[in-house]
Each structure stands twice: as structure tokens, then as C-alpha cells.
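Before any comments, here is the structure.
Note that the chains are named A, B, C and D in the order they appear, and that numbering of residues resets to 1 at the start of each chain.
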Amino acid sequence: MLALQLLCNGIVTGCALGIVAISFSFVYSTTKIFHVAHAGVYTLGGYVAWSLLAHGFPAPVAFLVAVAACTALGALIQTGLYARLERRRATHLVVLIASLGVLAVIQNIVAAVYTANILQFDLPWGAKVFTVVGNVRLTVTQLLTVVCSLAAYAAVMWFSHGTILGKQIRAVASNPFLAEITRLRPRRVHVYVMAIASALVCVPGVLVPLDFGLQPYNGITPLLTATIAMIAGGVGSITGAFVLAIVIAELQNMSLLFIPGEWSIGITFFIFVIFMLFRPTGLFAAAR
Amino acid sequence: MRHLLRYGIGLVAVMLAVTGARADTVRFGAILPLTGPGAMIGTQQMRGIQFAVDKANAAGGVHGNKIEVLFEDNQAKPDQSILSFNKLVDLEHVPMIFTAYSGPSLAMAPLATRKKILLVNAGAQADKLATASPYLVNTLPTIGDEVKVISKYLISEGKTKGAILYENDAAGIAGRDDFVKYFPEAGGTILSQEPAQFGQTDYRPSLLKLADAKPQVMLVSITAGLLQMAQQYKQLGMKFTVAGTTFFADPATVADPSSEGFVHTQVRIDAPPELEAEFKAKYGVNMEFFVRQYYNATQIVLAVADKLLSEGKPLTGQSMHDELFTIGKFNGLIPLEFKSNTATVPLDIDVMKGGKDVTIKQMSAD
Amino acid sequence: MTAYLQASGVEVSFGGLKALNDCSFTIQQGRITCLVGPNGAGKTTIFNVITGFLRPGAGSVSFKGQTLDGWKPQAIVAAGIARTFQNLRLFVDLTAVDNVLASLPAQAGEEPVSAIFRPFHVWSAQRRRREEALAILDRVGLSARSGDFVRNLSYGEQKLLIIARVLATGAELLLLDEPASGLSAGALEGVMTLLRRLQDDGKTLLVVEHNTRVVQKIADDVLFLHQGHLMAQGSPETIVNDPALAEIYFGGAL
Amino acid sequence: MDFWLSYLTLASIYVLLGLSTNLLVGIAGIFSVSQAAVFGVGAYIVAFFLMNDVMSFLPALAIAAVCCVALNIVLTLPALRVAGDYFVVTSFGIQLLATAVFTNWTGGTGGANGLPGIPPADLFGKALEDTSSETILCVGGMVLGCLVFWLVMRAPFGRLLRAIREDELAVAASGKSVLRAKVSAAALAGAFAGSAGGLYATFLSFIDPSSFDLDSSILLLTMVVVGGARTLAGSIIGPFLLLALPQILTLVEIPTTIAAAARQLIYGVLLIVFMLFRPQGLAGEKL
């Protein structure tokens, strides 16, 4: 019983985490930028939605505006910062540090405007409980998280395999030089990628705080866990990242059955560090 | 080396400029976490102090002197606290400093003893604070006192099987350790305990695991995320009693239907409605627990300063410390008495009912 | 008699592509051997195999009768084989003399312990090694530019510096990847003279070269590689004048 | 006076940490955000020996330094195995893991409550009770650290590290072991961080996990970036400047409610601006 409920909770958390992982992977595999500021975009989405709801806008409007804001922010980070750095032939290290800077800026602007208090969404329907299989209880918010995440996953799969832009992005990801000479214009593609990934990360960025409340400094842990999912799932593999995110969330939830809870995050990272030592290319990556 | 000289000279010049002193005001310090994960509470504490000081200044200050409190941000970190402490004491010559949070307060305690600076803590409740330094006074009881009381109450209600949900930080762990000590002493048994990470608000896994042990009561020792905890408890359909300490008095949690029936000890700190209204008008938020606590502590400090100045004595850490214990009893927002470094304050047992905290009993730690 | 350097049956494949396919040859001590062949013939790949940067899928390389299989690059340099890269890979933010110094073997203070605890010993040793490095720069004709940063050197000077750097390792077999490409006629002459002089000093050279005129001038032996396999071996004249090879090499353009 | 001394003392300790981070990140090119973890291990080891009266300060510091050398080698091993960006995640992971251990291993570290009452450092049987002698000790440590850094960077080892940063393959082709050089750099960085930890623990007399968390690692990185990567001057300027920044900011009139977030905001802006317009920092070399 306990195990089943933990399992279901793990799937909910994992789905949301999976979208973070997919969106990060999207950026990383195409631009090769370790986009830590993604955690800031994730945080901002929730706050924008909260503000609009607090001003009486209906939930779908709030959500769409939040997505639009994140999209714009993502594109801005790319054109205003990453593209400039690339033109200056900055090393990865430089880009990464700049990205950390952007994260600090976003988090602290949010903290200055909204304070560091935990903000709770005031949506009574979200807390309504459904009893699904057996005695497992899930809230509307949790069910919504799963549905939206799966929809986002399907949309990404369709986008990247079924549309021209998606294929172009994959081409740029696999070989930027080749893409350049075939006039795919990687720089413009990079802007699209950042915009799309930012829109995508807004989905869990709004849904997760719906359940757990908003905090300005809370983006980095999900992002790091998501990067672990991305690496373990094999960089560039959408399904790999999504599945591994669920696996990791399950691991953190289910490990409670066997070990004291204070170690659950530590264990995740411990397994990861060991994993990196022995299989650095990921589980789903093709063997060479 | 050229760089070193150039930047070094510039830096020293700027820092000297920072430390220009101003006269004819009475100055105190406050070292609070104004950034980072502790900022939420730190900001409330800062407002409590500032609110009290502004009111006092509007009423003519202490013995005709304007009061100023210099705020330093320590990010709840001990090393920043030491720097801030030395800065306030050394450059600003403050005799008294407000502190919060157990780690920083404990780190500053030896310095306070050495330099004879009065530290006033109105927020942290770690048991070690009671004995850390003769110059560290606490205007609220330690967690140990509160947990002792709630344990006694729970046993008297026939709840003998306990579980603990605690936050994995100094305050949360202190509460857990106290419950592990006092609950069995009062006659109960502890079946299970689970931590939650500070700042993380997904309590479901921990709650589920605790519920699996089938306790009659769960002690919750967390400082943030109470509302989320309550909602998740409700959503998971849990029925056992939830008990806690003063931390529970988060208005949003009390108002939420999911906290119906939660029971907790409450350090009594009442604010008259007109004061609350005034605060709300000024800051746009409610006068929360820590605001009141620091408002109250500031009133105590100002009373001590007023007494000293009107007797023509100098304001030093030593004199303020001595005067505080000479006066002994204070009537601020609540009556409290300093028999030791930790004030003796009456404790209520409150139950959350219909969105309100209802006091059902008054008990004392001894 | 054991061969000086011998490659036997070396195979390397990238994905499905065979870069080297049963590649076998020997080269002799004290001679300049040129390695020719069309683009993608596997010339650089065999360099990478010999110097330990690539593990072959099959086959082995031996040097003076000793197999080099599984050796690390630095061990192979220590055994006496050093290489250059086609794209130079100089340390552009270091001076010319520092580039050479960075390749001198067995220096005092090349690990932190002696650098910290025996500084005076390290410094005096450095002064001697600097003389050594300057002598090497002098040998390639760059002594006037020893203190200049590499990024300020001309391309021709950089090509000379890369030879100085490979000389600094003290290796006796030098693998040079296109030492003469992209040079003006005058500079070309200089490099060719330098290579001859190195031979006179007792070095053995294996040189990748595209320019047939250069090959004819400097080579004692020529190895012709095609599709990762040794097609022919012989004197420059026989190889250059072989119409079948020319057909492959120039893709029938001649 | 004590304020200046404690500022100088803390800055000296952070200079040692800056040297450590600079060696690893700036010079060896290993992007580590887990230096605060190594720093913490050094601090806890010294605290343990002094609190249990096992030995005096100097041997305790030596043991801490040696342990941190070993630890840092182990921690950077993944960097030698996996490509740059992957190591960043690994390094984040190591830092979070270390924080979990510091917080939860109550028996060894005092857990989240920290360890209060660490005795002051002693030299040759004499306890350094007052701030000024602590300052002399830490400044001495800093000067020694700077000297070591300078010697190392002047020696062929320094040149080798520069060459590695430019082109690892070319270094290998020159017959030098890249691995050995990187491990040596990591070892030295560990010794710096461990010693800094020991000095920190005795100076503050209280340590808890919050001083050794991810934020501290990022602060270290900011110090190196702002001061300037890969140079001695940069490693000194960065810590002195960033520790002074909160004090300098009190000159600017901003509402207290947002002052704190504003300071963190400025750190972020500094990182971005420096990376965009001056990646070499105030007094460093190209990153």
C-alpha cells in the first residue's frame, strides 16, 4: 500500500522532472551550453502565473502568459548573452559562469519583488482528491501534472521528428559545422531552441509550484536532478531523459522504504558520481 | 603586483569611507539573515525591530536620544556573522546586537562573552542557546521547553504512540531530539521519524512512511512549508493528530481548512489590534509571530536603555546586561521575566479550529 | 635483422569506415621516408597509431624490435619516437623558447614537490635547460625570435618552431605531418635543407608530404598509402613515375 | 580594529581557497564547484582533533591537508575520465553529497547544529587567544600559500600546466603525462583548501554545514573570476574585494527589505558583466 502510493507519487514528480530534463537536453545537445540559468526560467514561470492569478485572471490565461514570458526570456538569454559570448569565442567555462550569473540575477529579482516567502497558489480545485487504483490518493494538481507532462513529451517527440524545424534542430545538434555550410544558420536555430526549451520548462515551472508552493531559490535542485537524468539517459535522447527522470524520482521516493530519508538526495548523487566513473556516456547511448 | 597595489588602495579608501560614524544617536545592531533561504523570517524580524524603533523615535526616542538600528545580513552563516559582529562592535561601537538563528548566535556567543556585548535573541530556540554565553539572552523559551510541554499534554490526552517529521536543519533537529527525550519521559513511545530537507516542500514520501508506522500523533518540527505539509497530510487522508510548537502559528496554515485539529504549544505574544493595523498599513502584510517577537524584544532593549540613560549611566554591553537582570520583569506585548538567560514565558496549548487558533489550556515548562 | 620501425597488419576503423586496413610496412634507420597518398588514405591515422594516440583494432607496431602495443604517448616519446601535427598545435600563448622548453624531457621542478621545496635547484637547472632550448632554436634558425609569443610568429616560423619542439623531445625517429605545406618557395627551401641536416645528425624521419617535388628532393624511400593499405613502396622515382599510382593520387586529372 | 583584523583574517583564508580554486579551475581547467566540500573536510578534521584534544594545531593541520590532498585527487578523478560539462554535474553532485554528509553525520560533524566551541589554534604550545595573533597566523598562512603558488607557477610545472590548458594533445605528444600534471595540481589545490579549512575552524571556533555548501563554492568561483583567473594577483584581489563588497554596498541607499537580494543580484551581474566584457577578471589572464 505504502509502496504503491510512493510509486504513484514518484511518477508524478518524475513526469514533471522529465520535462525539465527534456528541455535542458534540448538546449544542451544543440548549443552545447550548460544552461544553468534554465533553473531561473523555471522559477520565473511559476511566479508570473501566480501574479496573474492573484490579479484575477483565469488559470489558462495565466498559464499561457507565463509560457510566453519564459519563451521571451529564453530567447533574450540566447541573443543577449550566449550569442555574444559565442561571437567572442568564449570557452565553455566562461559561458557556464555567465549562466550562473544569469541564474543569480533571475532568482534575486524574483526574491526582491516577491520576497523569499513560500507563496501558495489559491486554487481550491487543485487540492481536490481522487482515489485511483486501490487506496492511492492523487490530487487534481498531481493528475494535471502527469497529463500535461505526457502531452508535452508527445509534443516534443512530434516536433522533433515530424516538423522541418525539429529536423533542422536535430541536424544542428548532430553536426553544427555541417549545418553551417548547408545554410541552416545554427545561430538562428539556437534562438529557436532556447525559446522552445524555455516554453517547455514553464510547464513544470507552473505545475510543480501549484502543488508545492513557490520559492525563489528552489530551481537548482530539480535542474541538477534533471541533468543527471539527461546524462544517464544519453544526451540528445528525448525518451532517455524522460524515462530516467521518472526512474530517479522513483528512486528517491522508493528508497525511503529502505534507508533513512535524510540520505535520499545524497544517494541519488552518490549513484550518479559512481555511474559517471564507470559509464560516462549514459545508459541509452549507442556503444562505440 | 601593480594590480594588487592599485585595487588594494582603492578598496581600503572605499571601506574607510563606509565607516564614517554619526553622533548623538543611540545605536544598536542586528545581525539577521536577509538573504538566502532564511530571508523570509529574517525580513520579518527586521521589520519588527524597525517598527518598534520608528514608533519609539516618533515618541521622542529614549531619554531624548534618537535610536538607530544597524542591520547586517549574515545569510544565516556563522562566518558572515562574525564579520558583522566585529564590524558593529568595532567600528560602530554598538553595545547590543539582536540575533536570530541558532548557528550564527552560537558562533557569536564566545565573542560576546569576550567583548561583553549583549546579544538578544528573539527567534532561535536551540537548547544550547540557553547556556552559550552569559551575554546571550533569549526572550522566548527553547524548543526543549515547548516540546516538554506538548509531550505532557499529548500523554494526558492518551496519545502515547508518536512519530516525528522534522526539518533537516538545526532548529528541526533540535525539536526532534527534544521529543525523543521528553516524549518517552512523559510515558510515550516513538515509532518512527523522518526528515525533510530545508526549503523543500514535498512532504508526501515522509508523511507516507510515518503513517505506515500507525502513530497516534505526529510531532512536526519544521519552520517553513507548514501550509504545504498540512495540505499534503489532508490530501493523503491521514487521521492521526498533528502536534507542533510555536512554529505552527503560521497564519496561512491556521486559516487553511487542512490544518483543522492540529495542536501546538504557543509562546504567547499578543499584539493589540490597533498595533497590528498600524503595522499592516505600513508594510502591507500581517504582523506575524517573528515581527511581534522582535518588536517585543526591541521594547525590552529600549526600556533597559531608557532606564540607564535616565540614571546617567553609560550604555555598554556590560551595563545593559546588568540592568536587564536588575529590572527582571518586563511588560511588553506579553509579561516575561528573566530568571535565567532564557525568559520565562507562559505557554498555551492551542488547537486549530475553523481557521482560528483556539487556546484550550495554559501550561508551564517546569 | 630486426626492422627499425615496423607496422604489421594494422587495422583501424571509425564506425563502418576502415581508415587503416591491413597496413604493413617497415622503415629503415637514418633515412628520410615519405608517406604519400590521396586524402583519406590513412596517413595521419598511421601517425596516431605509431605515437599511441589511437589503439589499432588489430595488428601491431614495433620499434627497434620492441612492440609498442598499448603504450601511452609519453612512453613512446621516451622510447624515441616523436611527432608533429598537421595543424601545428603550438602553445600560442607561450613564447617560442617556452614552447621548446615545454618539450624538453626530464626537467627538475616539473612536479610541485621539487618546485616548492628545491626552488634554487630548479631555477639553476632551468637556466641550463634554457641554453639547451636556445641551441635547438638556433638549429632551426629561430634564435632571433626566441622571446616572441608564438601568435606573433609568421606561419613559416611556426612551421620551423614545430620542428624545434619535436627535436626538443630528444627522439631519434621524427614523424612530421606535412612540414612543408603552405610555405613560400624560399621557406620551402629552408625546411628541406633543415630536414637534410637532421638526417645528417643521425635522425630518422617519416614525413607526410603532398608536394611531389619535395618528395623527389628529400625522400630516400616512399610509402604509398591508399584506402588504409600500403599500395607500393620504393624510391621516389619509381613511385612518382608509376602511372597507376598517379591515376589514384590525382584522381585521373593528369 | 578587530573588524579590520577579522576581515583580514577571513580574507586571508579565502585567498588560500582562491588559490585552490584558481589552480583547479583556472589553471588545470577542471571546472569544480565542490571546493567548498574539501574546505569543509579540512575544517572538520582540524576541529575534531582539537576538540578531542588529540594533538596540537600544526600536526592537525598537516593531517587535514594530507587528507584533503587525497580527497581532492579522488574527487577530480572523474574529471580526468569524463568530458568537461559532464564533470560539472558530477562536481555539483559531489558538493550536494558532501553537504548531505556534513548535515546528517551527526556523530562526526555535529550535523546541522554544527560544532561550537572549537579551541583556538596554538603554536608551539602557546594558544592564540586574541584576534591579532589569529590574524598573524592566517596572514602567515596566506603568505606561505602565495609563495608556494608563485614558486609552482614559475617552475617548469607551471609552464606545463599552461601548456596543458592550451593543448592537452600537444603536451602528450611532447612526452609529458597530462594525467600526472592534473593530479598534481588537484593535490596541491586540496592542500590549500584543507589548510584553509583548518584555519577557518580555529578562527571562528564554530563550524556548521552552511559554510561549506554550494553557495560557498559558487562564491569562491566568483572570487576567482572577478579577481582574475590563473594569476596570483587575481587570487588575492578577488577574495579581498568580494568580502568587502557587502560593506561597500551599505554606502548605497537601498530599501533594507530588498538590500539582501540586491547584493546577490550584484554578484550575478558581476559574473555576467565580467564574462561578457572582461573574462580575464581584474588582474588575470584569459579564461
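Keep this in mind: a residue touches a chain if its C-beta (ideal position, glycine included) is under 8 Å from a C-beta of that chain, and two chains touch if they have at least 3 such contacts.
Just so we're clear, the structure is a prediction, and the values are computed from it rather than from any experiment.
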Those chains which touch chain C and also touch chain B: D
More contacts between chains, A-D or C-D: A-D
Centre-most chain [mean C-alpha coordinates]: D
Most widely separated chain from chain B, with each centre as the mean of CA atoms: C
Geometric centre distance via CA averages, chain D-chain C, whole Å: 42
Whole-Å separation of chain centres (CA-atom averages), chain A against chain D: 31
Centroid distance [mean C-alpha coordinates] between chain B and chain A, Å: 36
Rounded Å distance, chain A centre to chain C centre (Cα mean): 49
Overlap residues in chain B, where contacts from two or more other chains coincide: 35-36, 39, 43, 168
Contacts with two or more other chains, residues of chain D listed in rising order: 103-104, 257, 261, 264
Residues of chain C touching at least two other chains: none
Topology of the chain contact graph, where touching chains are joined (line, ring, star, complete, other): other
Partner chain C, residues of chain D touching it in the complex: 148, 151-152, 154-160, 162-163, 166-167, 169-177, 180-181, 184-185, 187-188, 286
Chain B residues touching chain D - in the complex, by the definition given at the top: 1, 3-4, 7-8, 11, 14-15, 17-18, 34-36, 39, 42-43, 46-47, 50, 71, 73, 75-80, 82-83, 86-87, 89-91, 102-103, 106-107, 109-110, 126, 128, 132, 168-170, 172-174
Chain B to chain A touching residues, read off their complex: 35-37, 39-40, 43, 168, 194-197, 199-202, 204-206, 208-209, 211-212, 224-225, 227-228, 231, 234-237, 252, 258
Interfacial residue positions of chain A with respect to chain D in the complex: 28, 32, 34, 81, 84-85, 90-98, 100-105, 107-109, 111-112, 115-116, 220, 224, 227-228, 231, 262-263, 265-266, 269-270, 272-273, 276-277, 280
Contacting residues of chain C [partner chain D, same complex]: 51, 53, 72-74, 77-78, 82-85, 89-94, 98, 101-103, 105, 107-112, 114-116, 119, 122-123, 126, 129, 165, 168-169, 171
